[in-house]
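Scrolling down, you'll hit the structures one after another.
Below, chain A partners chain B and then partners chain C, in two separate complexes.
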Partner chain A sequence: MAGTQNRIRAQGPGTARKLTIKPLKSKPKLPEDFETTTWKKLQHAVHAVHGKQPVTVSLEELYRAVEDMCLHKMADRLYANLQQECNTHISAELEKLASSQTIDPVLFLQHMGNCWHDHTSQMLTIRSIFLYLDRTYVISTTGVRSLFEMGLQLFRTHLASHPQVERKTVQGLLQLIKAERQGETVDRTLLKHLLRMFTSLNIYADGFEQPFLEQTAQFYAAEGIQYMQETDVADYLLHSEKRLGEEYERCQQYLDSSTRKALVHAVERQLLEKHMPTILEKGYDALMAEKRVPDLGRLYSLCARIHALEALKQSFREYIKKTGITMIMDEEKDKDMVNLLLEMKANLDTVLHQAFQHNEQFANAMKDAFEHFINQRQNKPAELIAKFIDAELKAGNKGQTDDELEVRLDKALILFRYISGKDVFEAFYKKDLAKRLLLGKSASTDSEKNMITKLKTECGSQFTNKLEGMFKDIDLSKDIMTSFRQAKAVQAKLTDGLDMNVNILTSGYWPTYPTVDAKLPLELNHYQEVFKAFYLSKHSGRRLVWHNSLGTCIVTAHFPKGKKELSVSLFQTVVLTLFNDADSLTFAEIQEASGIEEKELKRTLQSLACGKVRVLLKEPKGREVDSGDTFLFNEAFVASLYRIKINSIQLKETVEENKKTNDQVIQDRQYQIDAAIVRIMKTRKTLSHKLLVSELLVMLKFPIKASDLKKRIESLIDREYLERDEANQNVYNYLA
Partner chain B sequence: MGFNVEIKQWRAVAAWTWNAGDDVCGICRMPFDGCPPDGKYPGDDSPVVWGVCGHAFHLQCITKWLSAQTEQRCPFCRRPWEFKAAATAPVQEEPVTIQPQPHALQLPR
Partner chain C sequence: MVEPFVWQGFYQGYQRYAELISQPPGAQQHNVREGLAQLHCQLQASIAGEPACAVLRAHEFRSQLQDLDRSSFTSLYRFVFFVCRDPGRRNLQVSRAIEAWTILLVGRFRLLEQWCAFVTQHQTQIITEDVWRQVLDFSRSVPEDLGTYDPESAWPVLLDEFVDSVKRNRSSCFGSKRRCIDMDTVSHQLSELTTVEGLVASPPAKRLRIMRSYSVPQPG
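Now for the complex of A and B:
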């Protein structure tokens, strides 16, 4: 502090004293032998490092020596000298390795590893000593390698001049990796170390990677062939997946990351691509049949790797077609067909979702396959799906909640979606719906209407118009019955205390029923007439036809052992009332008195005398009714319940009924074909056969054979809607 | 003696059709019980009407026909077209015992 004040004082004005620096009288000189001695010192140290001896001089002193030499512009010579030293050393080291007699490749690898390790660590020490050189001379001079680089370069050159060393190293490495692939434990650190050497020396790709990939391909080619023969497909897939995992791990553990792609590809190629066709052909169906979802999932992801999903999809599709067709064509299994199909669908869905990752293309393939096979058999699947739904919607189908019912209906609808002949479904659905509605067998109106809504969304309102009309008729009938009961003048004529309920059908909506005549009991006849008059008075311009075959009654019957209430069909009622006046009647007598057609009467009598509940006895006994039989009132009839249902024959579908429904569909199709042909020809006037057929196939929504079309065209020519062109027989003209 | 069967309840089924003699409408050639080409539903929604000349058509068909003609004539017999009142439509059933409901069918005027 005091000093500072003095200086301020000294700087006062006037007497300023100048400070001058004079040059040295003689320039300071380096000692003559500076370069030689300093290099000697350094050389000594380098030798010590190479010889793994302790360095006698402190590292700092050495560093300064380097710095001094550089400052005195001796850097280039210093660099050259150092390079010379390293060269000699590396050359000697590799010479040693080359001449080593070690045959065991692993041992040799260890030598090689040590040699490399020494080289790198020594080069690092040398670099620390010569750091100043590395930082100044090397950086400012072009074409000179950094010290470490220089070391690598020298190592590379000498290694190249001893190819047997490199070859042995590579062989050793490959042998180790192969051993590891065969399940042995190997020194991964050594592997990693040596492979890093290859990378550092920039000879990884050519020196190691190429032979390595070749060996890999060989190894897995052999393994692929062997395993394909020895194991089943599932195990093979598992093994392949394991192998791929191992190779990935290998890349992480010691291989250069650039190898991964090529390596994985080689494995995929040898283990998967080459064998995938065989795998799919040999094992796919079994995997599907046994529902081995995890294995299928594995197959999927492996196929995805090698871009073989298309082939897998194909197998998937073929499998569905194959199993589907056998299921569909087996007539003995018709009863269970829908359930079997649903089960199959559910299994396939599981596979699709859990194994095939919801792949949309696979879902489409499944749809294709279903559409293909389900339409291989004409009409029957559609009919059975309709019946399946009927069974679900029928009363007495207890034990399932509304939600469960909904799920089952939805599933059935999925199958329905695959059907191309939807008109068959419609016909059978309509027939069954009619029975459910008219015989009061429908479980719930809500479920019924729900189902109609589903069909509407599926096929449009055109499809459900008539079905909805049927519900409308039922509702209208209720209204009519209400006003019928309220009409006093009418009721005055009805005194028997019979509760009459009529469902009035609009003919166009409902299936057509054959009229089966019967001589009704007088009271019923009277009721019928009164109602008819009432109805026609409300609705003029109409005709009313009674469908006796659909009528049902509840009657009381007095048996010696007690009074029972029977739920029976109208025909059964007609037969039973005959026994009010007689204990025993022959078939002929019953036929005469009831006026029921023979076949229908046989069915009726069979249900009364041969079924579970036998209110009549038949002479002679037997399961079938013959026109010579005699029937007796069953006096000994007993039943635990008061109410007994014996009208199930109405619900059952007869062979004739089935045939009629099918025929109706065929008939309708013919009308549709005719209409379509006329419509097309009316706009086109003239069209060749080929074009007409192709337009028809687009327009018509059900499966048709070209031969059927030909028949319809011929029929239209006969009816003079069309004519063949005189010049060309294959061309049709429209006749207005 | 016998069952002594008594009928307590009867659920009968009847179907109605248009009482129009011919099966098909002379205009659209579709059955009377079906729909005309533009109709969606058969039955009540596709009513059948009679002219005083006695010929019957779907209501939709004859209205369309008449609106396209300058002279209102029956397409069959060329006699002037006039709708027959509903109550007198050619239904020859048993005499009705209760009060008739005159407007069972709504006809355009």
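Now for the complex of A and C:
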């Protein structure tokens, strides 16, 4: 505060002085030699920088000097001079490099690296000194490069005039990279540094990249061929993947990022594209067979890189077809076929999901392949799948929970989906289901119905119609039996100690069974009569036929060593009751008394006298029953259990039965073909043979040969449903 | 000897048959079918079967066959099937069909012999009217080498199988007309070939090679 007051006082009134500023009398002149001296100073500094010596004058002074020169409009000359200086220096430097005797390219690279490093750092120092020039003159004048740019330009020009330097550098670089590829450790910083130089000098693409890619291609072409011969496919793939990773890293570490695409492509082309057909042809099946999921995953991703998934898919399909067909065609393995197929399917699914990334096209290829090979063998796979499901659903197949059962059924159903002859499956399934229902062999009704629902969603209600009808029959039969037992008037007619359960089967739903006659014991016969009368009184107009071959009985046997309950078939019962009145009977006598057909009787007797449980004895002993044999009641029979099952022969499928089911399917197919032909011809009236056949192949759902169709057409001609056209034997007319 | 009334029945029947089937197709179809049915009944009651076959065997019948033109032969050919069936049968037994073919198609069907042999061996018992008619078409339209035969077209299965068997026989012995290769001759020729080669080629070549290898370790 005090100070201020003082100043006011000092300026106060009194002696007021005027300050006048006058222009200079003479314009201050630059010294004559200003430009020369200043430039000398600067030149000296530049020389020091180039010579890597300390600059004697302070940098600030130098900066001022530049500024002064620029202000005095000497910028253009200054620029030219500086350029001249740099030119001389760079020229000399490169000359030195060019004439250097270093033969070792790597050592040469060191020199080159140093040279470049010096150049850049020197140019930076120079630029700092000449900053004013760079900022004013260069920016305001068009067609003049910034100082650093100018340095680069000079470097480039001189490098171009010494092609051997560039060539040597590139060679050295390539050699280093090759060495690195061969597993040696190299100076990556140097590489990076020099490659930056190429980029900075704008000669990367032409000067380095091209020879580099060529060398890469060469290197990997040779390596590909060598490795293909030396290693197995899995290792080769692993190696290729490693190589690709290395090249990626190389790009990150020292190559220019623009090279990446071309480089990776070159590697893919040499290592993968060229050898992929061989890889797939030679190694693919082995990889699949050994379930090498990681390797397959690698193969998949490598194939995806080179757009070879189509080929991989093809190999996948072919592999499935090939292995599938050998599996299907091997008749000795029929027993395990379904299990083997399921196992194969599971393995393929693992591969598909874990290695092939759930690729939908691959899933389709698998489906195609399955459909193809499973139908290569007619009928048998369908039959075996039906039997597989039968075994699963049968009682005694314990040790698995409902969920496990469900999973297995679902899997079998997947196989079923591939089958084109679904009618064969239906026929065998029906036959087996009938046995399960009638002989009470089903594990659980829920599972059974569950399976029917599955089939229904798969093939529609028409397919399961009859199967459902069978269940309905069983339910209805239970009701009928309840009312039969409650009807007192009827029960009065029956003898005590005998109970009977009757299943009433609607003939259309069930498989057809041959009626095998047998002379039943009187009590049973009586019982049947009573039931028949009862049933027909309730449902008049129906016809009741007894299928004795399907009947089962539980009989009590009094052996000297204890009382046993035997669970047997009706025929076995008939035979056994004969021994109520005799201890020994000949085959002929049994046949006479039982009235059972010879083949059936032999099977029955075999089960009683030659099986595990021998309630009868045979004379002479042996495993086969002959019509001259004699049978004795086994007085010494012992068994640990009280109730014994002997009726397993009914469950076993005989050869004739199998053949019959197959014949039935063929018969059904013929009717279907006939119906289809007539249906088509009825609408078309006139149709050529080829068109008719192609329409039939669309319409008919099962596999069929053209000759089968021809036979049916001929048969229809013979039966005068069709005629050949008089003018053209290839055309059929429909006869109304 | 063929009874005169059979001759008469046969010729009258044939004339009526030819007349019926040569009518233009269309509105008359119904009448034709009825007429054929009538004729069928009439022939069944008289000469059908064995008696008609006797006519075929007669020398007089055979000698006239040559002079028939294409369309009359067609109607005669069809009539033969019509009349040779045993009473009550729709089709012709194989033995009778073969006999009829050998009479009718001789000189008209180049594969006649093979065809008859094939049908005899085949398990079929009867020849249907369709097959009977198609055989004539086959003999007329398919050349002897079977080149133009198309198994995809509407030929009856029996003809498909015939063509198959003919082709199989031919491929197994290099054409039907040439004789089969005599394996002994061939093996003899082959054994001679190896001896010649053995004499000329191998020993001198070996000697030469050994000599050269001796001359190497002596540089000038």
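Worth pointing out:
Here, the second predicted complex is superposed on the first by the 714 of 736 C-alpha atoms of A that agree within 3 Å, B and C clash if a C-alpha of one lies under 4 Å from a C-alpha of the other, contacts with A are read in each partner's own complex, and residues count from 1 in each chain.
What we mean here is this: a contact is a pair of C-beta atoms (placed from the backbone, for glycine too) under 8 Å apart; a residue touches a chain by one contact, two chains touch by 3 or more.
Keep in mind that this is a model prediction, so the values were computed, not measured.
Aligning the shared chain A places chain B and chain C next to each other free of steric conflict.
Contacts of A:Pro54 after superposition on the shared chain: neither chain B nor chain C is touched. After the chain A superposition, the centres of chain B and chain C are separated by 60° when viewed from the C-alpha centre of chain A, nearest 10. When the two complexes are overlaid on their common chain A, residue A:Gly183 makes contact with neither chain B nor chain C. By the touch criterion defined above, A:Trp510 reaches chain B but does not reach chain C. By the touch criterion defined above, A:Val545 lies against chain B but remains apart from chain C after alignment on the C-alpha atoms of chain A.
A count of residues in chain A touched by chain B and by chain C gives the higher number to B. Superposing the two structures on chain A brings chain B to within 24 Å of chain C, judged by their nearest Cα atoms. For the contact definition in use here, the chain B contact set and the chain C contact set of chain A share no residue. Of all residues in chain A, only 438-440, 465-466, 469, 473, 487, 489-490, 493, 498-510, 513, 521, 523-524, 527-529, 531-547, 550-559, 565, 570, 573, 576-577, 579-583, 615, 633 touch chain B in the complex they form. Those residues of chain A whose C-beta lies close enough to touch chain C in the complex are 688-690, 706-707, 710-711, 713-714, 717-718, 724, 726, 729-732.
On the side of chain C, the complex with chain A involves touching residues 25, 90-91, 128-131, 133-134, 137, 152-154, 156-157, 160. On chain B, the positions that touch chain A within their shared complex are 1-20, 31, 33-35, 40-44, 46, 48-50, 86-87, 89-91, 93-101, 104-105.
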